[in-house]
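By written order: A, B, C and D. Residues from 1 in each chain.
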Amino acid sequence: MLVQMYNVSKSYDNGVRALNDVTLKIERGEFVFLMGHSGAGKSTFIKLLMREELPTRGQIFVASRSVLRMKKAEIPQLRRNIGVIFQDFKLLENKTVWENVAFAMQVVGATSQQIKARVEETINMVGLSGRESSFPSQLSGGEQQRVGIARAIVNRPLIVIADEPTGNLDADTAWEIMELMSEINRKGTTIIMATHAHEIVRRMHKRVICLDKGCVVSDQQGVSIA
Amino acid sequence: MRWQTIKYFFREAKTSLRRNSVLSIATATTISICVFILGIAVLLYMNSGQVIQKLESDVEIVAFLEDDLTTYQTEELQQTLKKNPAVLSVTFVSKDEALARLENKMGEYDLLESMEGSNPLNDSLEIKATNPREVGELAAAVEKMKGVGKVRYGQDLVQKLFSATHWVRILSVVIVVFLGMAAVFLVATTTRLTIFSRRKEIYIMKLVGATNRFIRFPFFLEGMALSVSGTLFALVFLGLGYFYMIENVQPALAFLPMITDINVLIKMGLGLTLAGMALGVIGTFISLNKFLDV
Amino acid sequence: MLVQMYNVSKSYDNGVRALNDVTLKIERGEFVFLMGHSGAGKSTFIKLLMREELPTRGQIFVASRSVLRMKKAEIPQLRRNIGVIFQDFKLLENKTVWENVAFAMQVVGATSQQIKARVEETINMVGLSGRESSFPSQLSGGEQQRVGIARAIVNRPLIVIADEPTGNLDADTAWEIMELMSEINRKGTTIIMATHAHEIVRRMHKRVICLDKGCVVSDQQGVSIA
Amino acid sequence: MRWQTIKYFFREAKTSLRRNSVLSIATATTISICVFILGIAVLLYMNSGQVIQKLESDVEIVAFLEDDLTTYQTEELQQTLKKNPAVLSVTFVSKDEALARLENKMGEYDLLESMEGSNPLNDSLEIKATNPREVGELAAAVEKMKGVGKVRYGQDLVQKLFSATHWVRILSVVIVVFLGMAAVFLVATTTRLTIFSRRKEIYIMKLVGATNRFIRFPFFLEGMALSVSGTLFALVFLGLGYFYMIENVQPALAFLPMITDINVLIKMGLGLTLAGMALGVIGTFISLNKFLDV
């Protein structure tokens, strides 16, 4: 069991209740879509998994470790096991494409050779070869998003969490990315993906968790939702 | 830590210094100016201390000797005084010498003549105290000695001088302390601003799984580099200015001694360098910690 | 003729050629979709229209005024005529939702009463009533996007330019926004919208301009593209 | 500009000050410290100027009168001198008075007696120059007057004093100028950093169609508010410190006159306030212009 959530609720400081009594489990190697209206709590769900936010109530376990009871020093380790594609990309503005992707590997202490090989390969996979030395501000929206994707997968983490990873991509590129995800998933990485793209969800035929106003309203395998 | 990582830290610090040039220049400028101000304060403090000491050490007791003292007795008296640890030096002034001085001062070159050949003045000893602040006690002690008549040490003037130097000393310490505090605040403010404008970067690094140490180290190196260069810049200017003064001002003011001992100056420079580095690095660290808790 | 472009090319400093000899006209009151792969030049097109960037070559006219030859002092006036929904939202981080939307009206010197009435109405239209006093960082991705939409339309500008305005919205909310756009368009506002959402483009049946590597590759009325 | 807009600007500045509290505090702190340092420098400069003036004005010429002058002639001489614009004051010292002083100084109370009743000293005039720096010329002129014998004015000491005060004056100006420049740089650095960290905000405002004036005005008000509060804060501390000194130090140093004229101090405070405000506002403007060109 890779991810376990028990009665998790999250209220933000201003009183907004983003998650409401969520209980669910995600197995190692699963591919899960997270759907729901704007403001349903998808990003909050992701923030809780990587301990960007703490839940107001409930318990969360990632790889059998309690995310809440974790010592401060253990947090980096948790986050290294999770590759996150952020909804707003969160690229380092002062680093080039290459450096942004390489940073995730430097953090885990990879050697220069490893970094060189893998960063190049990954940038290729997301279709950005040739743009290695551009800064994020010199990229189009979709290109920035793909840098974020490359950074999330370059370390081959245990889990890849993707928050709307195709929101700024055209259909073709989006499909390429989905194929990339599928392949990573086949190699054993668990994938949790928040998305609004019905088309993609329908065609991928994977488990879909639907949130509405912070509650899980459906959790089915391979459905095509309305 | 692995060699690999250390290399990364240095490379990271280097590019970061370049790419955040606005922030780098701001930090270096601030540190530079603060060290410069501190340097001026310390130089003023030390030199005024030296001048004060010189003024104070010019204070002397004049002990008029009794008329009927033999040369031997006078000599003995001088020896006794010289053995006293409270006495720094003793100089004998004969009454002829005293008269000559007086004549000069009075603008009369025939004072002796007008007094019909008899010099009414007395021989005297000019005594300097080891500790000028205890000149009063020493004068009292000297007055009690055999063979000594009246004793004068310009009580009024000396008291004025000492109360002046006392306050100048306090004031200069207060100013150095204040300027030191000002420097700390100014550098803290600047580092806080630079880290503040990089808070998103730090946040993202944390989210990607960087440890605090991993984030801190390049910042530490950056702070170090900026502090050192800022400090050196300030020291060069300070040094040039000060040596210019030694060259051009000191000759005209030989009686007000400036500090020219190169060892003292080097020590001061080292002190300022350390202060500047501490300022920059500690400032960076404190500001950094605020944003590391993600 | 509201927008005219003659042989417009744009190369960025790093040599990337984002637009290549683009010539086109957009009439007052039109509704135009701008499509194309990631990096095709859609956002660049928009930046040129609002003079965020200057073209390397060519001429651009908006409302019969040359964007290139414009004096510096005239630029604000140009921008007030254009309501832009940015791909990365570009909200003012230090202002609340209400203030962000109101800012666009303060800029044009509207009175307090006007501002009060219209801002409230517009926030309602994008479905954010109740969140007026939240700051952008307290909003979900889709909510931020809707603040951007509200700000762009609150002044009822001559043109609304939308760069991927539904990228972070679920299907239902996206349709609501599209209906809002249609209505604004019916009232006379010209709308230029860059998007990847084939579904929307297909169903709206409007003019579609396709860009590829900076060139206009097709410009047809009401087609459903592959 | 419409009343509506002006109201908006003030509201905008107010909320911005609050929401950008890190930046606001940084700017106010820096301005405060800079004004404080400047204040110390100016106070030192003005007080040392006053002390120097006092020391210089103590310089006096002693003109020994010829033996055979009648009271009438002496009186006439004094009148002539008093009419000379180069002369500030003239004091008559009789030879008896001179002897009394000498006796006191020499520690002898029977000097006259030992000289068998004849006082060998002369009457003298103590003359102060209007401009102490021209004491040499005045002395030469006085020496040429009828009835005047030798003239003394402690040439050596006076020269030392003047070369000392000359350099102290230059040094204090240099220090004030340097600290002034340091203050300008420091405030410029801070405002540049604060504007730098708000550059995206400014960029977005421009994209939404704001004119430069529309963006500048609230920044101007913010800069104004921060400068004024920072400056006032510094002035309060400076004032408290200075009045403490006047109360507690001045009595012990009555002979070194501090500036206590409240009008002068108020003028100085106003000057510093203006300087502080100018610093903050101009710094903000220059930094702002860099980011307005969108």
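What we mean here is this: contacts are C-beta pairs under 8 Å (C-beta built on N, C-alpha and C of every residue); 3 or more make two chains touch, one makes a residue touch a chain.
Model, not experiment: these values are computed from the prediction.
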item: Partner chains shared by chain A and chain B (touch criterion as defined above); value: none
item: Geometric centre distance via CA averages, chain D-chain C, whole Å; value: 62
item: Separation of chain A from chain D, taking each centre as the mean of its C-alpha atoms, in whole Å; value: 67
item: Averaged-CA centre spacing for the pair chain C and chain A, given as whole angstrom; value: 29
item: Chain-level touch network, classified as line, ring, star, complete or other; value: ring
item: Pairs of chains, among all present, that meet the touch criterion; value: A-B, A-C, B-D, C-D
item: Interfacial residue positions of chain C with respect to chain A in the complex; value: 12, 14, 16, 35-40, 42-43, 87-88, 134, 138, 140-143, 145-146, 163-164, 167-174, 196, 198-199
item: Touching residues (chain side chain B, partner chain A) in the complex; value: 2, 4-5, 8, 16, 19-20, 200-201, 204-211, 214, 294
item: Contact set on chain A toward chain B in their complex; value: 50, 52, 73, 76-80, 84, 86, 90-94, 103-104, 106-109, 111-112, 151
item: Touch list for chain D against partner chain B, complex; value: 22-23, 26, 29-30, 33, 36-37, 40, 44, 62, 64, 98, 102, 105-108, 111, 114-116, 118, 120-122, 149-152, 160, 163-164, 166-167, 171, 175, 178-179, 182, 185-186, 189-190, 192-194, 196-197, 245, 249, 252-253, 255-256
